[in-house]
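To keep things simple, chains are lettered A, B, C, D and E as they appear, and every chain counts its residues starting from 1.
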């Protein structure tokens, strides 16, 4: 029971972080605050506030969370007509990648002094997760822009049916193994200072999962086993399955981020496989020069896909 | 397949039905497209100078030569007369900035014609649009030239500051739409000039009006269908309107579709037969996909303009779209999927 | 099933053997690795300070690191510095955001050990109140020659066009830029990647504090003679360099062609770094003086 | 495997040409595409693979009688992973700059199918000495492929070899971009196919005339 | 809706709202102007006729006469022993000259009976009878004995077609679309013999025991629509017959497309019209039914269009079955020197022949003499995936893919595109800018692929 409870709390906290992007420490009077353009912060209040006090720029102390000793200079503060929305304009552009702390020294609403309000403005966490997902799937697609997992990629992208089977199998194994690897790394290897074992441990986890899925599928659903069983062994020879846990460690993702990242990687691989297989089915009918037939033209196709995927380079969604 | 027999003093042709065929041929289509692409070139020569004409000529000649050489080397019939290489040459020149060195289009032509077209089986078998692969290749190889060799158009009355030659999309992306309006004076002045084609940009993409005219003529002739251009331009306008501004629903759709390569892409590149889906449902989705990706790259990506990459990415989806959206069968037998 | 024990024994033996081999390899390499990493970083520091093989650093030159921490106590946030002392150990000084002294603690950690973040954490948690949470912010490396400050070295990172750009900035004691090294960047090769090139990097060299505070990027082509100087400084006499620098160097940076955004990112990043540093080092110096800290710096 | 045992020299040649891991067997493609941007990278990764291949081949060849067939694959993986970790740690300690350039590819050697495949088809069935030479052959073949690609890409992309400027200009930046790896591998495969075709033709001619 | 009462105010709007099938279709040049205003002309009897023993869909007939036998016009000289088929009749009075082989326009050669006409023989007169009292069986029997087959081209024996399972059919459609370019046979028949056709319709409706009948006519034959509407108005008492003008679009006259255009019902693939309760009859067939029932006249003659720039005098000729085309050409003044191609049937679905030495059969609706400017002699090119054929195909198939698969040698895989649903209307090959022989590809695929 306790486990479910903690799980529920965990989910709730996650939801809270995802939904709200504000840490309001002085009550819930500040509804929402977010960056606006390059040099502005917009703040929404629950009720109308006193215009005179709130538009005084000395009333604020704003700093980047890493540099609390250096207040940012405010050019102006302007309150909307209904008194509920405030826009702070700064003299210089804000570094929106790091969270900013805003302290309003005095806040008066309808004659009532609400005291000091201090809160953090940061980019939304949901957006961050979404960026990780899109990043792993498209912007840094493991096949076309990171050049990993190619042996299996070229081996299983001849037919669309094979590609779909491999894509689904791979995504599932990918997510499972990445999550288990994450837990093992953060709760066993890191505390014990055994990081150099990571390669062995990660590949071991993958082979165990592959073996386990193989046995379970064989027993429970022979039909599914027939459809996906043959791809299980191929998963093992795929560099992406090892690269994702390693990258999760390098980037220092937490559990949710690791999940999203591995899901994105799996889906991105699936997408690449699917696109490539549909193209290769078409290529089989084309009059390709004899020396280029087979893998050679497949590589050149992948290169062209790579060129196309360069369109995503430098993309940041949030 | 044709067999002949003596009939009085000559032979009778015997072939399979149908015995009459429409007068539309590949050559006719291709050369019509070429004709539709000529007015924007004249416009570009007028506003950027004779240089763009030379670049276009080099591009066309190198494309045709590459086509002839690759066909010779691969033992295929030489088909330079059908005009497809000419179109690729013109389009390749149209998507590069006017101030690039003269050798650039030659390299692009090899990539476009040999690698993208002939290695994949020649006319009609290419997966990606050759001209756009040529551009993407040049973009990767000569990033500086391809992103900064802009020329200030003649007849433009704004001051010659450092940003004069920057493309409108670059200004919008990095300085905001207000900066663009400030630079050109007023919105109506922007609309007018962009519509006519007096603005910095790639060689053939500036004149929205002439491209639109050419595209409409092709639609009128039935050589291309309206599905792709309309869904693509519509999606770009719609999504820019929603996400393009500071707040939701504040973007300027008209500037978005008049700037960059939207018109050129929508009518002459996205509609390329070999690389776009064959049937209308697929074409509508394909066009919408290009539009969405264009807006995504423009607003969130690393480049100010996204039409080229958006079309290339959707080219990759074309075989899949073709296999998903087939024409509706008249009345398939029971038990079989439509 | 009969094979079961054999399989288990086999696997166990294999695992133990491989763990043993890996452990041995780890033990053999870990020291060399740390050493090499530091040597590499040191080379970057020398390079930022302008020392080369022909112009080697004096043997008396020493580097001392000051670490900055942010501390949270319930209802109270403040900052702290780890300052190296003359006895080879560190002391920790806490001060509030306005730069006023709060308290001072001595730490039992040598300079060599302090390079390891975990070692610092251990030393800090040994002396600080357990309710205090502390976060490492960044560090300042101070180059000292014969007891005199020669330069400040700032390893910092800021957002570039694509990913974070990590730089090492060297400043004179009067905050004039002595040199700039790009440690890590993943900008587009040929475009933003050109920030690693001398002709861009060296534009920052010699900018005074006043110039830095007004620094801005201009989108004009880099003059050819200026470029030559920037690329191959050694081939010119000091006088020539001075002349040309005077002619072109002002409070502006010539943007890289086709990579205005990256250039702006770097310029703004450096502007910010110098401004913040100049503010903080004044506070720190005041504290060291007021509290009579026997600092090595 | 052919009937009669091959000589050491033949084993090496086999790895270099007939069964070149990159261009013929099309295994271990990721590094071939991803990091063959310079000759040095190609050389170092080739060296790492050579080491892992030889070490694992020898280990398996020595221990083949003690490995239970049911846990064959996990054991092989374990052996490979061990040697990869060793080379990973050593490279990171002694060649930090090159190690940085190769990113995580060194650790990904674990999943290179070429190594596992040679263990399975050769080392597990042959005594130590041939296994050693087979490992050398395969490793050299991989290194050869990587260095060929590195040569082409560094020369065309940066106008340099081993980091030394050879050409006065940098011809095509494209080639040092990772995406060019796909094209280079594709064209090299076509070259191998074409050479094979020429050989076949010559052989047929010989047979006939 | 737009039935019968339409008073020829053809305007653009009407064109748009005319009934038609939904998917695909093309607009080839009509080229009916050569013959559409020429009245049906009776050709003098030929001196010799070749009666083919296979003029229909089904088994070959067995000759019932021997060499040198005397035959009268209308005598049954061949009949099928078992299986599907229809009998053949002597079309002239005379002597059997030979029983041998003769060129069939669609096949290489089939058995035939050559009859030398007796120049002295009197012309046979057919007397009319009142058919109203006749039983259904008798009507069918008369049709059977007259050897009537579908005259549109397929040649399906009519008496079989008119005996559908009980109660399944509720609608009769008379196909007057005549969508193929050049052909004007049905057009002329409708203009000149509307009453006979309406009578024929009534006979068919009586046989089927239903009341509902439509006559579908393409809107490019306004005079035919007028004549038919008038005839229907005057003579269709007791029946619900209506004339439906149809949009001009090829292949409007195809059975499935016509049924969809007129009733909106769709015949499933591999199904027959009566699966959706419809029976379709050709105008020519209807007229033949009328003649067989009312005059007891078997199929001995047929109206055929001779057209194209390759013939000196285009005409709508009523000729005896078995008349050699060569004789007809001589009668019409010969061919022009520009003649390049002779096509039996329409230009879209007809067959090119290499000789003029073949006889007219019951299913011949036209013989076209085409010159170079009318036909195409293009070399074909690779598919450029323009998708024109997808737009044109009335069956919703993918001719481009089929062509590509056939060229790549993957014949078995073409079934996924429904290659067996193709009825070879030729729309795809017509519109193809690469001039690819798509119909030929599809035929090859049909031969090799398994259903």
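Methods note: a residue touches a chain if its C-beta (ideal position, glycine included) is under 8 Å from a C-beta of that chain, and two chains touch if they have at least 3 such contacts.
Being a predicted model, the structure only gives us computed values, none of them experimental.
Chains making contact with subunit B as well as with subunit D: A, C. Farthest chain from subunit E, judged by C-alpha centroids: C.
Between C-D and A-C, more contacting C-beta pairs join the chains of C-D. The mean-CA centres of subunit B and subunit C are about 48 angstrom from one another, to the nearest whole unit. With centres taken as mean Cα positions, subunit E sits 67 Å from subunit A. Averaged C-alpha coordinates put the centre of subunit A at 34 Å from the centre of subunit B. Taken residue by residue, subunit A touches two or more other chains at 196-197, 200, 287, 292, 297, 300, 307, 310, 313-314, whereas all remaining positions touch fewer. Shared contact sites, meaning residues of subunit C that touch two or more other chains, fall at 18, 22, 26, 161-162, 188-190. For subunit E, the set of residues that touch two or more other chains comprises 382.
Here the chains touching each other pair up as A-B, A-C, A-D, A-E, B-C, B-D, B-E, C-D. Listed in rising order, the residues of subunit B touching subunit A in the complex are 74, 115-116, 118-122, 125, 127-128, 133, 136-137, 139-140, 246, 293, 296-297, 300-303, 306, 308-310, 312-313, 315-317, 319-320, 323. Against subunit D, the residues of subunit C that register as touching in their complex are 3, 6-7, 10-11, 14-15, 18, 21-22, 25-26, 29-30, 32-33, 36-37, 40, 189-190. If you check the complex, the residues on subunit A that touch subunit C are 66-70, 93, 95, 97, 196-197, 200, 313-314. Put simply, subunit A touches subunit E in their complex at residues 284-285, 287. Residue ranges of subunit C in contact with subunit B, taken from their complex: 161-162, 188-191, 218-220, 257-258, 260-261.
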